[in-house]
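Shared between the two complexes below is subunit A, which pairs with subunit B and subunit C, respectively.
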Partner chain A sequence: MDLLLPIRISAALAVIFFILPDKRKLVVPAALTAAISLFIISIYSLFFRDIAMSSRPYFMADNISKAVYFLISFFGAIMAVYSSGFITRKLNRYFAYFFLTIASSLGVVISANWLIFTIFWGISGTALFLMIQLESGANAAAKKTMIILGGSDSLLILGIAIIYYATGTFTIGTAPWSGLAAACLLAAALAKAGGMPLHTWIPGCAEKAPLPVTAFIPAALDKILGIYMMTRLFQIMRFPPEARMAVMIIGAITIICAVFMALKQHNAKKLLAYHAVSQVGYMILGIASGNLLGLIGGFFHMVNNAIYKSALFLGTGQVEKTTGTDRLEKLGGLAKLLPITFTSMLIASFAISGIPPFNGFYSKWLIYQGILGAKTAKDFPLLTMLCLLAALFGSGLTLASFMKLLHAIFLGSSSPAIGRIAPDNREKFSLVFPQITLAAACILLGLFAVNIFIKPVFGSGVLDEIRGSWSPGTASLLMIAGIVIGLLLYWLSGAKTRRAGSFIGGYKVAPEMRVSGVTFYASIENIFPFRQIFKLADKKIFDLYEMTKLGLFYIIGILRYFHTGVLSNYLTWIFAGGIIIFLAL
Partner chain B sequence: MERYIYLILLPLGGAFIIAALNAAVKSRDTRDITSDIIANLITLAMAGIALTSFGINGSYSVGGWPVPLGINIAADGFSILMLATVNTIAFCATLYSINYMDQYTSKSHYYSLFLLMLTGMNGVLLSGDLFNLFVFIEIASISSYALVGFGTEAEELEASFKYMVMGGIASTFILLAVAILYSSFGVLNMANISQAISVSSQTPLLKFSLFLFIAAFSIKAAIIPFHAWLPDAHPAAPAPVSAMLSGVLIKTLGIYAMTRIIMNIFAADVSILAPLGIISIMLGVLLALGQTDMKRLFAYHSVSQVGYIILGISLGTPLGILGGLFHLVNHSIFKSLLFLNSGAVAYRLGTRELNEMGGLNKVMPITGGTSFIASLSIAGMPPFNGFFSKLIIILACVQSGHPGFALWAVAGSILTLSSFMKVQKFAFFGKLAEKHKQIKEAPLMMSISVVILAVLCIATSLLVLPKVKNIVLQPAVDAVLSGAGYAKIIR
Partner chain C sequence: MTTLFHYLIFPGLLFALVVGMIASWIERKVTARVQWRVGPPMLQPLYDVMKLFIKENIVPEHAHYLTFAAAPLISFVSAGLAATIIGMSIFFPSSGFQGDLIVVAYLLVIPALSLILGAAASANPLASLGASREMKMVLSYELIFWIALIVAWIKTGGLLNLSLFAVNGAVGASVSGAIAFALMLITMQAKLGRVPFDAAEAETEISGGTYIEYSGPLLGFFKMSQYIMLVAVPALVSIIFLGGASIGKYVILLVLIILAENTNPRLKITQCLRLFWFFLLPVGLIAIILATLGY
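Here is the complex of A and B:
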């Protein structure tokens, strides 16, 4: 029993579920039992076992790997519970691919050999493709996802080939700097994590794929894998300041552009998807800064992001399950109907916006410090500070767009469609339990980050650098005290309030005239440069995938023009080609 | 050594026996069933012989006439690897034909042509004599011209005609080159010519014959710009024949013969082929991306994938040749699987047009699943066989100091993935059209055949393990690398 055992078990489970008949009564209990026992076995082997000596050259587990390993197993268990309540069709296939995903993700994070790494990496991409395909109508999104992820796998191979050429071994270890190799590996990591410009598969995937798939893979697992790989890349290669700066700029652009795109979405899942892209920017910034604090911050942010982002997606899933839509303008006033979902999404929103004392604040704080002490600060002081500015600014915009989301879904006047919801569509244990767990994790990781995350993973040696800067316990006590005092003042002073309906020139407000949560933000789409930029974005000018496609089909058009089917033309080619070969010989 | 002679005699005899059935058996059903059984038994036996031959090198003089007077057949690691591939694919194709060829009349004619083509290919792989090489190339080519036109519709006949004209040019070139070599050295035995070339000075005449060989085999291997016959011929043929043509024929007549002659007889520099390989990879895959006809799309991918093989071999390093040959084996498996899948779809739907398909996974799960495996293999996704061979080719490009080549190979790989995702999206995933709801899975034998190939797509990944590699691939690489040392196997 070692760390490889859970991988073997979940690979076997994938085969078993593939064969099982699609009977809900059979598959759901089997999947829950399997997922939870898998989690227990993983935890046991994580804390009490290590990698067997026989597989040592190919697999390894340092603290970073172990942290990620734990996280993947944890998400596996949580998501299995949620999926069992959410997915209704093709459950057997769903869980087969689900366990395949877990097996391959676990494999990625403990492999010590680039080849094994690539194999697991590729399988996880294929499993995602198959999972997206489970929803009929998602095949275009699945195709785009697979092309971007699979294409970046090819680049990964090239990167590995260059490293192999330089070091003579496939073992993951220090490698000399090579711009091409770094670019290739970085492209693979960015595609998986969803950094710009390779992020374009995520919004489409979030919109079309079954929701638990989005919450599990693009929002959590693929971020984990992508950022894990990036962490390793920065460990094994010594980046020159220029390259570091370039990566940091990618991070900053990712934060800002994606958050602006998020701001204008009217579709809850797409909004979250753009935030899933935006948050990657923070991780990139932190890791690329080359500062220990930044690295810890970036890595910690990856953990936090996985937690709150999937909490948000799961909440949206609950809303969608209840109301049948995720269009923000059709929703509203759901807080009374779905109190637990509202609370957990509120906590997760605070966490993603970086409000203390939640976990998102802690990691962003570390990232800011990391950027201030970044290795690029000496050569490019201005650009580095711009990156910091982007990070701060992005945080504010994140808060703004989450206020939009929460207001549109849970607050405000309820839309006419909401009244007719059947009671059995309300919060179910299997859908709520994962949300509670994740929201609790947001708070716990925020308050006790040092003890439950930083010290076990990075050792207590790094504590001296952090300790003085932020002490979540005291701060949250002060904050709670402030809120309590404020409430007390409010009650004691006896201030009067009254509620009044909207006044629209004396007319009665009919239900269909209600103001939906999205209208407040419409103005951003009409201000000067944004209007033009959004227009271009709608035409997919910024989508690398679509633009490449356009260019390629232009070339294909030319090539096809020459293939006339006329034999004499073809014979001319043969003689022309022959002459060229003859001259070259 | 005698075992190899059966690889030529069995299909040759089988072809004539089946042809004779036409005259002897009056009832069509009996004739069809008998020819099914005979053809399948023969290909099964041949696959068995070929697959158990690893490591049995040597030469054999037909009729006991010693070299250089008599004809001799020679087998080294390279030919054995090719024989194993060709005969395995041939068995899967004949198994598939049992059901598939019911659509056509005169199954027995089909089988005799098929077996003749197989005779030609095995002959090419075993021939130790240049003139015999030419004769066997002609046997294989002429029977393939007939097989391409087997449907005798306008489209098939046009394709067959174009194929024949261009194939004819290639054959003329080969014959001319053989004549030049014969006039220079007075022998036809490949080993003797190889020895003679290694001690002779480089005359312009020799160079001219090398050029003729390269041009001719480039036509046979469908390397761009010599490829124009392939996108017409391969889709027009019946599916099992397309599988044979794309899977093994272009490799036997094109790549095997070219590699054998350039590397083992002329011992010449092969680096001239690298640009050809890259052009084929890129243009082939781009042309494929624009297709909506399923089989035509696959056919253009053959051009592109042959580019990879050529690129690997042209590096001339052990790793490059290993990658090229490994990719050759893998490509014959997944490409024939893809063509058989397209045949199954056409068999049930009656169309090859991607726009008319959709959601076929729901009604044809075996065809859909195996084609998914094949698509991932050809796109080089782990853990399927194509991943490993592309990995080796890319490694070899970087190792031999050509990272630029590697970049092209990677770009081709991304585009390959894109176009196969297109196939998957249009044909197998998505919404099933109302009129296709009644469709059933392909018949039993067709399904068995594709499942065998799909399993092979995964199983051949194991060839990368050192123990297996040393038995299967390494002898082939050594044989290619030995250059003029090829002459030593003739006793």
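Here is the complex of A and C:
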């Protein structure tokens, strides 16, 4: 039993589910059993079997691989539970592609050979395409995803070819610096993870694809794979400071631009999708900084992001399932109706905004220190500091857009657009359990980051760099002690509580006075440069894919003039061409 | 146990609270003198809080009770934690840990954050307006806050340890440091929610905004966290830019806050945004450039 076994099993499962009839009563229990046993087998082969992967020439398993491997299996189990409660149509197909995704992702992270890596990488992209187009009306989004990911795959192959040319081997290992190869491989990694400017498939996918697909793949797995590859790339190549700086600038721009786009979204899933892009910037900054703390921070942030981002998507899924909409202006005051979803989304929002003591704060804290000690700080002090500023300020903007999200969905007064909610549309175990697990992971990873993540993955030696570390556990204990004292004070005061109507200066609260979170930042959207920039963004000026498409269609448009369909015209062209060739000869 | 003592008594919650009450009294006394009034007795802030704790708690009907009630407490304990870390670096310099500056900076955001959530949970339209303004306020000053900190980092070679700033000497003594210090003073005013940056409360316009539905002990917790913030934020600024905190430096900063408060009209929220993002941002960038050039 080694790490290849779960891959084989899930590939076999993919085939089995593809053949199974689409009967809910059959597919759901089968999928749950399969996913959970797969998770158990993965854990067993990870922790309880010290297998010598070195005996297999094309595979490897160092601590980074193992961490990512564990994470993928964990998400597989969680998402299978959620999907079983969420997806209603084409379940057999869904789970077939689901297990294909798991198999290919697991394959990527343990392959030690570029060819095998590319094959698994390509399969995972294709599986995503298949999963998106399961939803009716998602064809355009699926096509866009496929073109961007597939296009970047060809860059990946080009990059690998260059490395092969230089080293003469396909084994993933130290390679001499080559700007072109690095750029190609980075483009592939960024397209997968969703770094700018190759991010544009993520919002489209989030809007159209079935929700568990978004929560599973673009929000979690593709980030894991993309950033995993980037980590490896920075391990095997020695980046000169200029290249590091360029990558860091991409990271900084990704953070700021994506988060500004998120601020103005009216659709919960699109808002989250832009954050899925924005958070990649932090990982890029951390890893590209070349500082050990930054590397750990970037990698840890990838883990954290996968956890809280999918928690957020799953919460939105619950809201959508209950109310039938994901338009923020139609929602409001759902906290009482969906208490567990509210709590888990609140925790995940704090985590993503980097509020101590949650996990997002720990990784950002490491990343900031990493940027301050970055290898580029000597040659490019100004640019490095501007990247740091982007990271720090981006965190505030993230917080802002999550305040908007929480206010619009859960707080404020309840929306008249939501009618009575049928009891069976409320929180179901299969939808709530994954959210609780992920929210708990946010807290645990925040409190015990050192013991459950950093030491096992990077070894205990790395912490010597940090003199006296931030101990979130102690901090939380203190805060809890403070809260207890506060409650005691409250109890001693003997104050009574009374419920009364809202006070708005003597007027009666009317329905039209309702403030939805959607309008929170209207004043930012309307001031001078933002208004214009947002307008351009709405026209998709900044979308590389749309622009390329526009350019291609323009050229095709010219060529179309020649294709009139009139035979005599074609004959004329042939004769004209023949004469030119004849004269030239 | 010692840690608990540090957090609850000295230099944490209780100590910061007492100093904050005294500072608040000074604030009100000076304000009164500026307006040709006599001003309150010294124990007035204490009376205010005690009064709030014997009053009835009124919770709006449609509010989300738990969030509404938890927000003031969270605000209080996290402000207290920030004050503890800052205070420890002043009184017990050897106790700090690397990166405590970033932790403190993030902890100081939590009071604003819980205010926003509490207001949002009250289901009151004016509170929602206040919450929206408070968040925009945070966005406005946060940018300049980090710029000022980055200047300090460039000047000190990326110092992340609060207690080391005192050893390093005053950052504000250089050209870029002075600009950053000036920016930080404006930020400090906004972070404390003092006039001219009090659009989120704006009593005369949205009758307290974020605080509108709070009463009794819950308001009391918010009041206490304000007192703590009034100590913690100037102390932090003083540590970073004036090379350590002392009573003299703190009082100077406090007087600056009070004077600015009494001589300025309230800014609209868009004016705040424009001020911070379009006017102070270029100034801050110039300060960063000067700092990288060594000035």
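Note that in this section the second predicted complex is superposed on the first by the 513 of 585 C-alpha atoms of A that agree within 3 Å, B and C clash if a C-alpha of one lies under 4 Å from a C-alpha of the other, contacts with A are read in each partner's own complex, and residues count from 1 in each chain.
One rule holds in what follows: contacts are C-beta pairs under 8 Å (C-beta built on N, C-alpha and C of every residue); 3 or more make two chains touch, one makes a residue touch a chain.
Please read these numbers as outputs of a predicted model, since none were measured by experiment.
Go through the superposed model and pick first if A:R232 touches only subunit B, second if only subunit C, both, or neither.
Touch status of A:R232: no partner.
Counting only touches as set out at the top, which of subunit B and subunit C does A:K428 meet: first, second, both, neither?
In the superposition, A:K428 contacts neither subunit B nor subunit C.
What is the contact status of A:K90 with respect to subunit B (first) and subunit C (second): first, second, both, or neither?
Neither partner.
After lining up the shared chain so the two structures overlap, which partner does A:R560 touch, if you call subunit B first and subunit C second: first, second, both or neither?
first
Counting only touches as set out at the top, which of subunit B and subunit C does A:G577 meet: first, second, both, neither?
In the superposition, A:G577 contacts subunit B only.
So, does A:L180 touch the first partner subunit B, the second partner subunit C, both, or neither?
A:L180: touches subunit B, not subunit C.
Comparing subunit C with subunit B, which touches more residues belonging to subunit A?
C
In the superposed arrangement, which partner chain does A:K540 touch: subunit B (first), subunit C (second), both, or neither?
neither
Identify the partner contact of A:K330: answer first if only subunit B is touched, second if only subunit C is, both if each is, neither if none is.
After superposing on A, A:K330 lies clear of both subunit B and subunit C.
So, A:K455: does it touch subunit B (first), subunit C (second), both, or neither?
After superposing on A, A:K455 lies clear of both subunit B and subunit C.
Mind listing the subunit B positions that touch subunit A in their complex?
So the residues of subunit B touching subunit A come out as 161-162, 165-166, 169, 207, 210-211, 214-215, 218-219, 225-226, 228-229, 231-232, 272, 276, 283, 286-287, 289-290, 359, 376, 379-383, 387, 390-391, 394-395, 397-399, 403, 406-407, 410, 413-415, 417-418, 421-422, 424-425, 429-431.
Please name which positions on subunit A make contact with subunit C in the complex.
333, 335-336, 342, 354-356, 361, 365, 368-369, 372-373, 377, 381-382, 385-386, 388-389, 392-393, 396-397, 399-400, 403-404, 406-407, 410-414, 466-471, 474-475, 478-479, 481-483, 485-487, 489-490, 493-505, 509, 513-515, 517, 519-521, 523-524, 527-528
Which part of subunit C faces subunit A closely enough to touch in the complex?
It comes out as residues 3-4, 7-8, 13, 53-62, 64, 67, 73-74, 76-78, 80-81, 84, 96-100, 102-103, 106-107, 109-110, 113, 116-117, 120-126, 128-129, 131-132, 135-136, 138-139, 142-143, 146-147, 149-150, 153-154, 158, 160, 207, 212-213, 216-217, 221, 269-270, 273-274, 278, 288-289, 292.
Can you check the complex and tell me which residues of subunit A touch subunit B?
Where subunit A meets subunit B, its residues are 115, 118-123, 125-126, 133, 136-137, 139-140, 142-143, 146-147, 150-151, 153-155, 157-158, 161-162, 164-165, 180, 552-553, 555-557, 559-560, 563, 565, 567, 569-571, 573-574, 576-578, 581-582, 584-585.
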